[in-house]
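Shared between the two complexes below is chain A, which has chain B as its partner in the first and chain C in the second.
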Partner chain A sequence: MFDGSLRFNLLLALPALILVILLTVVTATLSPSFLTEANLANIATRLLPLGMVALGQAIVLFAGRIDLSVGSIMSLSTAIMALTSTSLGWLSITLTLAIGIACGLFTATGVIMLRINPLVMSLATAAIVKGVTLLILPSPGGEVDYALYELLFEREQLFGLPLLLSLMAYAVFAVVMGWSRFGRSVYAFGSDPRAAFANGVSGVKVDLAIYALSGLFSSLAGIFLSIRILSGDPLIGEAYTLDAVSAAILGGVALQGGRGNVIGVFLAALSLVLVNNTFNLLELDTNLQAIAKGLIFVCALVFFMRGKAGGEA
Partner chain B sequence: MTECSASHAKPLLAVTGVAKAFGRNPVLKGVSFSLLPGEVLALVGENGAGKSTLMNILSGGMPYDAGTILLDGNEYRPATPSEAIRRGVAIAHQETAIMPDLTVAENIFFGREPRNALRLIRQKQMHLDCRRLLADLGFAIDPYRMGNDLSAAERQMVEITRAILHEPRILVLDEPTASLSSQAAQTVLDLMARLKARGTSTIFISHRMSEIIDAADRAVVLKDGELTLEARRGEFDRDDLIQAMVGRKLSNIFPGRPVSLASRPMVFKVRDAGNSALAPISFYLRRGEVLGIAGLEGQGQKALARALCGASPFTTGTVALHGKPAKLNSPAAAIAAGIASIPDDRKHDGLALNLPIRMNMSLFAISEKSRFGLLPLNAEKQFGEFARQRFAIRSTDLEQPVGQLSGGNQQKVVFARWLARVPEVLVLYEPTKGVDIESKSEIYHLIGELTAQGVPVILISSDLLELIGMSDRILTLYEGRISGAIARRDFSEEAIMAHAAGPATKAPATIDREAACV
Partner chain C sequence: MNVTLVLSQGRPANATLRALGLLAILLIVLFTASGKISGQQVMDNARQAAPLGIIALGQALILMMGRLDLSVGAAAGLANVVLATSFAGDMDNLVPALALTIGCGLLVGLVNGLLVAALRIPAFLATLATSLVVTGILLVYTGGSPRGSIPAAFRVITEGWIAGVLPWSVLIWFITATVLMVFVHFTLPGRKMLLSGANIKAARLNGIAADRLVILSFMLSSLMATLGGILLSAITGMASIGIADAYTVDSIAAAVIGGALFAGGVFLPAGAAVGALLLFFLQSLLYVLSLPPAAKFILQGAIIIIALALANLKKER
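And now, the complex of A and B:
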């Protein structure tokens, strides 16, 4: 089914696209408020943080690595924003991004220097980051500059800045991953690290780059989240770790690395936001929502594993 | 620099007294040789003789401890493969480095992709260029194929193409023909001749004596880190090479075969057996017989090996062992029926590389010697030590991980497993691929001993010398069918290649009726 290059194959985005259409049709039919401007703007607003964190995760997965610290980095970023945004202004965003990147580089260092398994190393980073976050902001609170909220979220419209930012990030990385030598190195590394090394790819550089990008996108996600809730929350990012991996897998990215494209990831992130929205609008139990997302994750894993097995037969 | 010697050409590469040791273990003990512009130099030697180390030094994979290397009169000490390439030395490794999720063109052009003004890769242009390049070199591969879709031979061709794309002054080919059929190998040898005409020098490593004799302007033989022979074309023959490599004669490499097997009972019969990759084929094996299976690359050899070991079973026809039907519909069933199979890709299919020799050897012994489902460590060690000595497996001890052994010794571990239980039928698929000549000889004698015990052997191989030296009868496969049968008295490389090239119009008449199973 998935012949040829799995980096450019848009068929990989098909399951996510179907899910998006399905959820849109079903929810629009069952709930009159789905297609209102306010709700669509809400979807775009919620897509922004998940979209960012999923993009970072996807890049890490292209290289055959994984980053389970993204949620914790998000939480930390909301905390830093909440503590510094009113006093430092724009500088606080720079500071938050720098710390996010530093967290990613920390994971990369463990993976490179100490040769720790990336899954375990990023879990360790997650624990450390979470501890630091709870130290500096033990409970939800703080304050984020309202001017930022005005800029991003006040005008409630579907085609506002939040959606534009998501689309831009994905468009840029669709090109970077597909047609740049950096992108090719990431896929080559994820495809077969040994072969990539023999072809001149520096695994160290790839690891540093992907985890730095993942940290960057996680803290971007955290910044957007903190602006939306106008405060910090030391645990708000938790659920995003699984959602980010889930979005990447549902978008056709292979856990083994080397396969997938960001178009699929964008649609998959959108579909996960729609799942949330659907459950909210239909007033279903939020616990059911977690179950539904978990099931979607498993289905996506099974579906794409079959695709891969077919390709190798 | 003061004067030119009798040889009018100045060497492009001059290696003088190069030495290299790993820890206290010397691998190269002062090797000296030179390479002229446009010269084809064959580097010959057993695995472990130091060839790979020398190649790695030349290609920037590792530094050397002592001695000098001059490239065009300047010191040559590349720290990285890319520096070697900048200086004009490119290598095509035997262990190909093909990235599975990239296309052929993306693999070949990796890091050198044509880019547009925005520094983005021009995918279409690149694949077009690649198609032209491959066609020019004589390799029939679609540039849009994915790396994981390529056969071993195609991977080797991609690897060579990648090295040539660097337009090196010195091209180093590490066993370029090991995975190739004679025809594909000829394409590579022709390519070397064309590069030579362009002035490119080639160093190639090979285990195939005939191509060394045919294609090399000069051959140097390494043994235990020292040069034991250096000779120009025409000044050496097969025996000289082998003598220099291992210090023994070719006639000692193969065990003798019994004169006639015609009176022996048929032990194994395959009738009209086929599957999606194999036309229904029929053949039989007599007690203690070696049936060689020859053919060009990818004519159903692998499918046959996989069908016989139950990995992708026959879907039609019957298989009978000692007159009783045998079901080979899974590897477990084939093993239970007593079909021992030795795969070509021992790293993926045969061995657990991280586990010690001891545990790798006892994999099949477990069921027979275990008590209450547990394998007594003592018995395991005893068997392992016995097998290690019996097969002359060179290792530090039984606990050494198999991954650290040389190719030949790894293969001996695979063979040793079957010592726990004499098989009913032994299926060998490229059993000596990438194995040095001494290990080969040991493996051949081992096969000889098993046949002396009455075990029939199916030997599927692309090594004609091996097929001719070991087989009692040879069948050729072409497009999943048996295209020819040759009796021992008619064995020759030409006869095999003629049948292997497909059923020519006159082929049926030349099929040996006794040799074919009719």
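And now, the complex of A and C:
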């Protein structure tokens, strides 16, 4: 079961694991409030949206594609939730997810039918989605049903719903990506599209599936975020695009596709949340966070992506 | 170099002509909608489009290298803050302020270039990372509220008109585009850079120091972004955080509308200029039609898709 490639893939999660341990030890030593249940619950709460959006991004990256529209889809999802959740109830979640998937399929369509570079196509989708979001919700506002907040975040405990939801999603996709026919074809397509095609993997289906999943996870992230802030915000997702790519790369996912696993991505997402938490607990300048995250990103790039550019990208 | 070669190089490319056609249609729509038409109005729009136009030139150069620079918005924002802070509203500081601003810009480009050429990190990720770090440094340095201002005498470069018909900023834009065009198409390092963009392996096999040219191209792109940031500062007269962020996507859109290909090997400065004008007039049109500013993003995305789809369809035929 743990064949060579899988062991190698697990090894990729090591830097993220070390970072998580390092941050935990340092922050726990320096701040007594780190290990309180309220703070750990807070970490789990913040991990939920980033974890979702990073998982979607990672799946796209496994196939050698990229999706820079995830942040915009998140913002759009918070807006739809804020505008419909009090009137439509549970239906609004279904609606939001459907629209998220539609956004992903839009990107896939451009990549497949118009043969537009995935990076740029997703940037174009991001611009369009951002415009639509600002049209329906020009400034932060609206209202999300408080019952949803009670359900998800009210009980401040470490092993509450937020952490369980993250763990569940990652566990399911660890199995799906590692052992299912779909997962293997995504990796195969990412390693070598032509060889994958010759072996019966349909590139069109892979593109449709990965971007639909990315859209789905982005809107899930947006839904959780809107429930946490109990409103919508047309620009709140912007920062998540970079964080999602950053988490995936720090988690050992290769940009050219075919390499990486979701366990590394989970640990990397956790470490980004921990960075955030450390800065808050130690009362450091919040602006330094941007630099710290940027430097972590650069280090992850140098560590994992060095020598990968070749002649292109 | 013989005359026919120069002339054939000078002939606008098909992509540029297509963009020009689009621009003409847009202008007609704009003038019918607003009911006013004057050359002065066009020039006034061009005056304000100059920062984007110059930044798009840099982006077009990077696209020629088959890469993408996602740090131009941050670099322009950096120029804005550094210029305003070091000027501190006093024209006496002109030389040190400009030197410092351009120096910072070149440093960003150098870091980008080294990340891409020496460490071989994919360019869009490397530039994304530098933009994050630059934005962070700006936030820490200014504490979120930058001080300083641009002296009125310096703001002539965007507010002033030559003989009342030609704005200074348009002239600066035109000169920059011409210099870059001559550099890429008519000088040896430029030709080598173009070849490195079209096929970096072939360039290396022919003994071209492609890596050095990649670094140079990123420094030029950051320089263009800095110039754009300086013009933008002259328009606003003060420093603000995040003022230039939109230029990253805008510059890609402008270059792509102007016929830039993601595969690299194409440099059309006139096309990029027309693309920048097109985007700017589009914004004016939205304003005239009193559509919400959000519509700009939708149109921008749609334009990128249409421009690239047209280019791809043509290639397949």
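Heads up, the rule we're going with is that the second predicted complex is superposed on the first by the 297 of 313 C-alpha atoms of A that agree within 3 Å, B and C clash if a C-alpha of one lies under 4 Å from a C-alpha of the other, contacts with A are read in each partner's own complex, and residues count from 1 in each chain.
Just so it is clear, a residue touches a chain if its C-beta (ideal position, glycine included) is under 8 Å from a C-beta of that chain, and two chains touch if they have at least 3 such contacts.
Since this is a predicted model, take the numbers as computed values, not measurements.
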(message) By the touch definition at the top of the document, which applies to A:E156: first (chain B), second (chain C), both, or neither?
(response) neither
(request) Going by the touch definition up top, name the partner, chain B or chain C, that contacts more of chain A. (result) C
(request) Scan A:E143 for contacts with chain B and chain C and give back first, second, both or neither. (result) neither
(message) Is A:I291 touching anything from chain B or chain C once the two structures are fitted on A? First, second, both or neither.
(response) second
(request) Go through the superposed model and pick first if A:R184 touches only chain B, second if only chain C, both, or neither. (result) first
(request) Considering only the touch criterion stated at the top, classify A:L242 as touching first (chain B), second (chain C), both, or neither. (result) second
(request) Could you pull out which residues of chain A sit against chain B in one structure and against chain C in the other? (result) 311-312
(message) Taking the touch rule as given, give the residues of chain C at its contact with chain A in the complex, in rising order.
(response) 66-68, 115-116, 119-126, 128-130, 132-133, 135-137, 139-140, 143-144, 199-201, 249, 252, 256, 262, 264, 292-302, 304-305, 308-309, 312-313, 316
(request) Using the touch definition up top, name the residues of chain B that touch chain A in the complex. (result) 81-82, 93, 96-103, 106-107, 110-111, 113, 115, 119-121, 123, 144, 146-148
(message) List the residues on chain A that touch chain C in their complex, please.
(response) 110, 114-117, 119-121, 123-135, 138, 242, 245, 249, 255, 285, 287-295, 297-298, 301-302, 305-313
(request) Enumerate the contact residues on chain A facing chain B in the complex. (result) 4-7, 175, 179-181, 184, 187-188, 190-192, 194-201, 258-259, 311-312
